[in-house]
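You will see two complexes here that share subunit A, one where it goes with subunit B and one where it goes with subunit C.
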Partner chain A sequence: MTQTSSMPAKRHSYLGLPTGWVTPQSLFRALEISGLFTFLLALGVVFALSSGQFLTASNFRAILTTSAVLGIVAIGQTFAIIAGGFDLSVAGVIPLASVLYAMTSNAGVPTPLAILAMLALGAVVGLINGLVISRVGIDPLIATLAMLSITGGFAFTVTNGVSVPFDHDYAGVLADSGPLGLPVHVWLVAGLVIVGVLVLRYTVFGRMVYALGGSREASWLAGVRVSGLTTAVYVLCSMMAALAGVVLASELLSGSGNLGTDAALNSVAAVVLGGGSLAGGVGTVWGTAVGVLILGTLANGMALLQISSFYQTIATGVVLLLAVAFSRLRAALAPRFYRVTSEFISEDTAAAVTEEVT
Partner chain B sequence: MAALLEVRRVHKRYGTTQALTDLDFDVAAGEAVGVVGENGAGKSTFAKILAGAVVPDAGDVFLEGRQLQIRSPRDARLAGIGFIPQELAFVPTLTVAENLLLNNWPTRHGTTSPRAILRHAARAIQRFQIDVPLQAAMAQLKLADQQMVEILKAFIRRSKIILLDEPTAALSAHEASQLFRALESVKSHGVGVVLISHRLDEVLRHCDRIDVFRNSRRVYSAPTVDTPVDEVVFQMLGQAPAMLETGSSAAAAAKHPPALAVSDWQRESHPRLEHVSLDVHEGEVVALFGVRGCGAEVVAEGLAGRHRDITGTLRVGQHETKVFDRPRLARAAGVGYLPPDRKRQGLFTGLSVSQNLGMWALDDVAKRSIINSRREQDLAKGWVNRFNVRYRSLRQPVSELSGGNQQKVLLASRLASKPKVLVLQEPTRGVDIGARLQIHRELRRLAESGLAVLLVTADVEEAVGVADRVLVMRDGVVSRELVGSQKTQSAALRVAAGEES
Partner chain C sequence: MRIRPRIKWLQVAAAVFALSVIVSACAGSSGSPGASNSGSPHKTLKIDFANINDESAFFHSVTQGMKDAEKTIGSDVKVRYYDNKSDGNTTLQNARLMVNDHPDLIIEFYGTEAVAKSAERLFKDANIPCITVNVPGAGGCTWYDLYNPSLCGQTGTAMGKIAAEKGWNGSNTAVILVAAASFGPEINTCQGYYYEELQKYVPGITKISSYKDITLSTTRVGSTTYQVNGDGLLDKTFNSVTNVLQAIPSSKHLIVYPIGDDMAIGAWRALDQANRGSNSIIAGLGGDPRTLVQLRTNPSWVAEGDIFISHWGELLLPMAKAILEHRTTPALTTSPLAVLTKNLTVPNTLIAPMSNFYKGSETNATELPPLVPVKDGDLPGLDKQGPVGNDYLGAIDWLRKFGNVSGLS
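Let's look at the complex of A and B:
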């Protein structure tokens, strides 16, 4: 059987325009994506008008630097959410990795080895999460909440609740300053964002993550190793959280059980802000990165305006609600644009039938 | 009969396309009107207007002579139009009784009780003499029973018009006849029934009048008693349909060894299988036909690796194995499986048209697990052109396509994986007649090009019209093979119903 068409190729949209032209749908989608940027820009304009310090290179560096840790966690969280789950245990893995990294380093283990050890720790936690969720069938909310409690508890147990300062400053290499006056970890995040975007877009693994989150049964019937893939996603997510823990400790030159405990909700918030859906199958690393920057800019701008950090938490919540409300609105509006397509089929189908019959 | 519902000169336009033009429509009290037409002919817009989901651009709707302003689903319900959509809307965790009286519970001083609800519901449906388990959770009911509950619910709400959209698409013949009995009973209480359907036979059998929509207009309206099927098909298409040539490849097929051989399949749990054996040769289409629950669907699912409780063996090509216990093995062995529920089981609804096709040909479009988008687009373009899929962009989500076009993408995706054997379960359920004809023709063409095709269907017209051989299943047994002149719809139906074996 050949793949060449025996029928004349018709490449026209319902408006009679060749495909690839601007249609209401494509316009709508472009608006939807740029809406996020617009929001970030608007936020920037508001802060620039209210504070003279906002529009400075050093302040932009500050935003990027403070957003980096959340960025790393949120990339992993993006995979988990697209795959149809999510991972709250990141907020336990971060402090645990931070203290264990400080302790291994203080014990004289070379920095690269210590970092690898923390990644391995993340992998083990993720493996347990993944197996519990995919094989035992426990809901991700319960499974990762339990793991959050366990890892967070360990972080305090191994240190007796006190923070662990680095004995050797070289252990903080990931937070050293790098090109353009930006610390190494900002470049690390930039690299991870690009890798994340490429993996989701261009690899079979990425494609399967979308498929799994969008339609678990269809994936299973298509021969996807559903349990294995789910586990892989949680392993990846926890490894990113462990890396975030190392980076955070490197910035502060000490590990502590109190670090990064807000990362669970903030990372989920960043993914959702960036267009991800807790229903699964939707989201991009790109969008998540913008989501992280929105949260970072918000915190930074409010700090410049000397607004108490308690209000920042409130503002984060409000922004998240607005973003989700917007996406609901989008979902409610979208069918008006999309649904009509089925009505537009009529002439085409009639033509198909004519061909069929003659 | 005086008209109960009158629709006069309704227009609806979406962008540049006319969805409904100058539409008139009438239903009398106690009358059932079937609305048929191609996808896109305007019948779903029509249903949405009556249900309050879409507001018409112009035109009037009268109920019992009173003009209605339907601006929302709530307006429609209050006016007395009960809409039963294809995807039922009920509360799965509440009981049947609670669903029947949803938001309509008997109250005393603002309180209600499970007993009062049960009593009330029992009284409300008494006269129908329909056996529904009032205390069961709605989720535990079969689809057919859930539908019945929805119809009763509409009736309890004193709906004057009950509007059903494709109610029988997922029902067996037996369940469908039960549904029509219930509608008959509702009609006898003076309710007008509007039935939107793809199945001409049932509309002609069970409705009093048939209306045909084509290209946004009502082109035909007549009492069903003196309307032949051919006339309706002619009105729907605007011309006479073509018949498929079957049996021609069967003789050739017999020379080939069987590409698929199922031997002695057994299954204890329901639906049961008893010593099921069958084979499909290269170059032929074999239909496995039977009413729902006969076991035919289990055979299809078993071939797809969806059941672990089937014993027996099968052979695909030269490869002999026990029944696949997971879908991955079926795919690896070269069995292409087209599941009956395209939205949940078949398509990756979040992914685009080209990604859906690419998922099934990853070896072709990906090298070292990196996907080559260009190659994926080219592959997809080849398939959508071959199947004449109507799409706007290969990058558009597959969920935006119409049902028939989704089904074509589904079939194409299975072919993209280059199967040795194609197993299809209800491949044309809920698709319009144009797509249906095209899928049927494609199946013939695939067989002619040497593929072995097993068509598992509860649609007798499809089984007899497309297949070279029809195997009829009943109660877990393949009870008869129909070939040549024996292969008729009435023979297949009689065997399936157990009238003859």
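Let's look at the complex of A and C:
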């Protein structure tokens, strides 16, 4: 208690932790991230020992290329999950954006404009999601499930169920080869990961997202505009899904109503694998990126080992289950790590958030 | 005071309504076109058709083709349409609705075989003959389908001949088969039939003794052949093929066969992105307009298994008439089939240039392949043999009205 009062307020984050200090929390988080990296590394070692083709530059390119779309969706999903919700409608926004992007490009709309239009589409969908969830008070599961159905249905309706191939290959510019032979969209994902990390870690918006997921009521009491923030998170998530749809269409040179059908569950899985908690308030973009790479490496390695797709599905489920078990274990262990500063946190949190918000 | 008269009026109104419902129901039950015309020389056959999924343009073309066929045949037939929405419950609900409609015959395009037993029991109990499309069903209906041994097998023949002409063999070539696990085992016999024929023409690739050696769990056949699952989806196929390409040295030629056109497009994109398109040959299955364009313009796209799905109505309605006339039908009535190529022709097979069926840059067939004589063959998915073919339809006058079947005047 005396420790708290003697600490200068400006040096505290919203959690009341002295910024820049090595704390039990940051140590725990570091262990968690390094644990994930260790798991990814172990997976890589197993596949490298089992298949001569795994440790090749071309294969790493393949892993990154096939993981990129999920990576984009999962970054948006990370924000939604940290904020205490989740977004199933991404699996409808992806195909809708993919077909509309193909159609607008074919209609002669310049590529940058077409991409911006799809981002705007994502923003509108996210705005509706956010308003329905925050203002009307409908559960995110129901609201985003309904939006999944609506957007997915539109994707089939506007195309009458057929795929829409690009008339001009330049519309697939995001899948063109970039530096190091990696497609442009892989670099785009790398950039988005960095931006996501910076936003969550160093901006007021990011910290408010954590606060919102940690406790909606406490955030409200601290002066956070809870409804607006919730809406902003869903707008961001849907925009990322729309971007994923554009990237996927660029990669395949066509849009289709049945693209990205498993994106909702896979993106949630990637966030959880990366240390996110469906209870909200916990998760990082770095962790999610590692989670995406774990899923991508697993699919790639199993394909190289010629493991039947049936077993691949089982293996993915087992890994996810292990990750959730790990998450529970972490939740059980966390209080021990946090105990040291628990009083410090409880007394200082509201004040620090209020200060940062104002 | 004023309530009692109102109740009386309501009672009278309810009684009149109930009576009118009963009367109209009785009229409806005997009011089918077939029944109303009984005794007259001209009888309109009443047929109920449930399509697998009308939201899909590919499958909706069956409904559209059926409507076109109904129009061509004229007043001899009246079809009522249902949409199974690729859903078991909807299929069963539609089956009940169709039974209540008392048609002369039901045509059922299943999305899932799981409901076949229940649906066909309903048809049997109502004593309504039926045709099952796409899957053998539970045995209660007459079966109409494409024929994997011919279509997939002869695609193997065409691609095998093309690969052999290029000098490709087991030492310099790998084969990638793309399955669709979610389509079920009957449809996925295609890869086995394909490979069984392909191996006859490409020396040195790993041999199989029967098409059954390649199942949905197969991922590798010896050192030359790989199978991945694309699940019928464009993006999933792209990822699966991208991954498996890492296991195949870039010096190898590739023979790629996905058993559906969406998957073929996804596989081609993966080959192209890996800069391996020019060293590959690929074929699709379905006759989708996009893949017909590929066959015309892409040097690596060497064949396309065409099932002429938008023309199925032309054969299904005459088949219905044949059943109602108590003609002998084979265990499997086959759809029109052709293995389209750029210019390869193999006599006495389905393999023929696409220009035989499609004019100019058209993607709608103007000519259908000839009818196929009925003879014993494998019944895919039933693991037995039986009569297969469709030439008995040539005797049905309805089919002749279309004037587009090769060899049928």
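We adopt the following convention: the second predicted complex is superposed on the first by the 301 of 358 C-alpha atoms of A that agree within 3 Å, B and C clash if a C-alpha of one lies under 4 Å from a C-alpha of the other, contacts with A are read in each partner's own complex, and residues count from 1 in each chain.
Everything that follows uses one rule, which is that contacts are C-beta pairs under 8 Å (C-beta built on N, C-alpha and C of every residue); 3 or more make two chains touch, one makes a residue touch a chain.
Every value quoted in this text rests on a predicted model; they were computed, and no experiment measured them.
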Checklist line | First (subunit B), second (subunit C), both or neither touched by A:Gly281 | finding: first
Check: Taking the superposition as given, does A:Arg225 touch the first partner, subunit B, the second, subunit C, both, or neither?
Finding: first
Checklist line | subunit A residues touched by each partner, larger count belonging to subunit B or subunit C | finding: B
Check: A:Tyr202 contacts which: subunit B (first), subunit C (second), both, neither?
Finding: first
Check: If you stack the two complexes on chain A, which partner ends up touching A:Ser58: first (subunit B), second (subunit C), both, or neither?
Finding: second
Next item on the list: Would you sort A:Ser149 into first (subunit B), second (subunit C), both or neither based on which partner it touches?
Entry: neither
Next item on the list: Answer with first, second, both or neither: which of subunit B and subunit C does A:Gly213 touch in the superposed model?
Entry: first
Note to self: After the superposition on A, what does A:Gly161 contact: first (subunit B), second (subunit C), both or neither?
What the structure shows: second
Item checked: Partner chain(s) touched by A:Ser50 [first = subunit B, second = subunit C, both, neither] -> neither
Check: Following superposition on chain A, which residues of subunit A contact subunit B and also contact subunit C?
Finding: none
Next item on the list: Spell out the part of subunit B that touches subunit A in their complex, as residue ranges.
Entry: 14-17, 19, 38-42, 44-45, 214-216, 237-242, 304, 306, 327-328, 330-332, 337, 339, 344-351, 355, 358-360, 362, 366, 369-371, 373, 379, 382-383, 385-386, 388, 390-394, 396, 400-405, 415, 432-435, 437-438, 441, 446, 449-451
Notebook entry, point to check: Okay, in this complex, where on subunit A does subunit C touch?
Noted result: 51, 53-54, 56, 58-59, 62, 65-66, 69, 156, 159-163, 165, 175, 183, 248, 251-254, 256, 258-261, 299-300, 303-304, 306-310
Check: Hey, which residues of subunit C end up touching subunit A in the complex?
Finding: 55-60, 179, 181, 216-220, 226, 228-229, 231, 233-235, 238-240, 242-247, 250, 262, 265-266, 269, 273, 288, 290
Note to self: Quick check: in the complex, which residue numbers of subunit A touch subunit B?
What the structure shows: 1, 3-7, 9-10, 13-15, 19-20, 23-26, 201-205, 207-208, 210-211, 213-215, 217-225, 281-282, 338, 340-350, 352-357
